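Two complexes, one shared chain (subunit A), two partners (subunit B, subunit C).
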Partner chain A sequence: MNSTIQAWLKTGSYAVRAVCFVHIIHTYVYEFTETRGESMLPTLAASNDYVHAFKKYKDGKNCKMGDCIVAVKPSDPDHRVCKRITGMPGDVILVDPSMGTQLDRLPSDVDEIDEDENFNTYIKVPKGHVWVTGDNLSHSLDSRTYNSLPMGLIRGKIVAANDFNQPFWSGSKGNFWGFRKIGNSFVNED
Partner chain B sequence: MAPPTPILTSEQVSRERERVQILKEKNKCELKSLTQHLCHAEAPGEYICVPFKRVFEKCLGHALEVTDADTNDIQGS
Partner chain C sequence: MPSQKAFRYSLITLTWIPVIMTINDNVCHVAKIEGSSMRPTLNANERSISSDWVFLWKFNCKKAFNLNRDDIILFKSPMDPNKVYCKRIKGIQYDSVKTRHPYPRSVVNIPRNHVWVEGDNVFHSVDSNNFGSLSTGLVVGKAIKVIWPPSRWGADLQLSTGRQNILTTRE
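Here is the complex of A and B:
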């Protein structure tokens, strides 16, 4: 009887330690988590896409313009968001230049666009904050709605993703369930 | 939440452009770009995405966005 109790206690102890270990890894080292929604198309699929995030970039440490990050949603702390950094502290950026484009408009809507206003509406990103936008500017709730994101809400940087809509091997996005790296998109212009 | 962030006045933007222009003449700027997209669903699970490029002058660590109507051929020419 005594040995049975001891065995159960030992098993329970290992289980608690395993849970703590996973929690620490998940909080401070690495996270593999599902993303949903159209806001990061075409970088991340609208469903069944899982991202690999490194936590050493927590609180925006060493994050750069063009990095893809996972953060607590400022308007709803129970939710996370995946966005791209499109403005660092001190940068002077346009709030929403895509509003001035006719690229995704119907011909009947084109007359309503005030290009001058959209290409002259600048803000300066405050210290300790970043400006984030989804890669799909047409369907993204981001800094254009909730203003700059405090860097303290950044939980990690996304470095890769798996698309479980893809086959195990030889999918269009890559082998091993569409594994691909998610890099920095802020590049030198020729 | 972020502190209130006012839209910069045209004078402030002009000053920033002048500052960047001076730094550009001293070769202290890099022209950088970042491409995002405008996507629409064509059918359930199928999307058409049009690239949308944003251009920045990065001088001494700070960027000034210089995206304009010509950057993405908005006139459709």
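Here is the complex of A and C:
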């Protein structure tokens, strides 16, 4: 009887230590996780795509313009979003010429949208914040709705992705499960 | 063999470190309070060299329903993610709050899953009047009790000082 309890305790302690170890690795080093949603098309598919994220870029450390990041959603801490950084602290952003900003507008004001105003709504990204948008601008909930994102909410940078709809080995492309790197997409036109 | 035994024990100790880190990150922790922005509630004595240490409850502290008015919270500064600030919650989600000088508007509506934080020492505090309402995702933990120095045991943290009656009706 006594030995059974001991065996259970031992298994339990191994399980606790293993789970905590994985949790710490996921928080501070590396995470492999599923993404969903249309907002990052065509970089990431709407379903069945898995991404590799490095956590040393936590809190926006060394993050640059054009990097793909995972962050906690400012309007809901239970959800995480995957977006691309399109503005660094101090940058002046033209919010969205196609629909303007909804940041300080009530839903009832929709009729009064002035098209010219949309081309004149600029925001300066404050210190310690970044401007994030999805790659699929027409179907993305991002900084255009919830304003610039505090760097403290950034959880990591996405460096690569796998697509499990692809075969394990696709010889012609020479990759596993549609493995592809996700790099910085920023092109400086100056 | 004693050296083999020592190796075994140090290995076992090593495997418990992630467990302690997980508990400190997600359940409870202690934190040192620096600066004067929460005077007179924390770091009450101006002369004293020692700072207050508080017990921090972290479990589920990012959930909006666990954050109430007059709670003292620690959070990552929105202006600089490497800094942690300690302030008192003055308004919760959907509240309307009268602001102070640096803030550009006189009344602000707090969005979903955001809080309005201010220091008790109103005039020496960098708070929501500087950086706006705070996303609950930035909250690190809730200060429950002062645990060090012993002379400060039993200090009442719920005692609300600072600006009063700043809630208003929605604009």
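Quick notes
Methods note: the second predicted complex is superposed on the first by the 158 of 190 C-alpha atoms of A that agree within 3 Å, B and C clash if a C-alpha of one lies under 4 Å from a C-alpha of the other, contacts with A are read in each partner's own complex, and residues count from 1 in each chain.
The rule is short, and it goes like this: a residue touches a chain if its C-beta (ideal position, glycine included) is under 8 Å from a C-beta of that chain, and two chains touch if they have at least 3 such contacts.
Model, not experiment: these values are computed from the prediction.
In the overlay built on the shared chain, the residue A:60 is in contact with subunit C alone; subunit B does not reach it. Of the two partner chains, neither subunit B nor subunit C is touched by A:82. When the two complexes are superposed, the chain touching more residues of subunit A, out of subunit B and subunit C, is B. Of the two partner chains, subunit B and subunit C are each touched by A:74.
When both complexes are overlaid on chain A, the residue A:150 reaches subunit B and subunit C alike.
In the superposed model, A:129 lies in contact with both subunit B and subunit C.
By the touch criterion defined above, A:51 reaches neither subunit B nor subunit C. Of the two partner chains placed around the shared chain by superposition, subunit C is the only one that A:17 touches, whereas subunit B remains out of contact.
On subunit A, the surface touched by subunit B in one complex and the surface touched by subunit C in the other have residues 74, 126, 129, 150 in common. Taken in their complex, subunit C has these residues touching subunit A: 15-16, 18-19, 21-22, 25, 62-63, 76-82, 111-114, 131, 135-138.
Contact residues on subunit A toward subunit B in their complex (touch as defined above): 38, 41-42, 46, 65-66, 74, 84, 86-88, 90-95, 97-98, 100-104, 115, 119-126, 129, 133-139, 146-150, 185-189.
For subunit B in complex with subunit A, the touching residues are 1-3, 5-8, 10, 12-13, 16, 30-41, 45, 47, 49-50, 52, 54-56, 61-65, 67-69, 71-72, 74-76. By the touch rule above, subunit A contacts subunit C in their complex via residues 16-17, 20-21, 23-24, 27, 59-60, 72-78, 126-129, 150-154.
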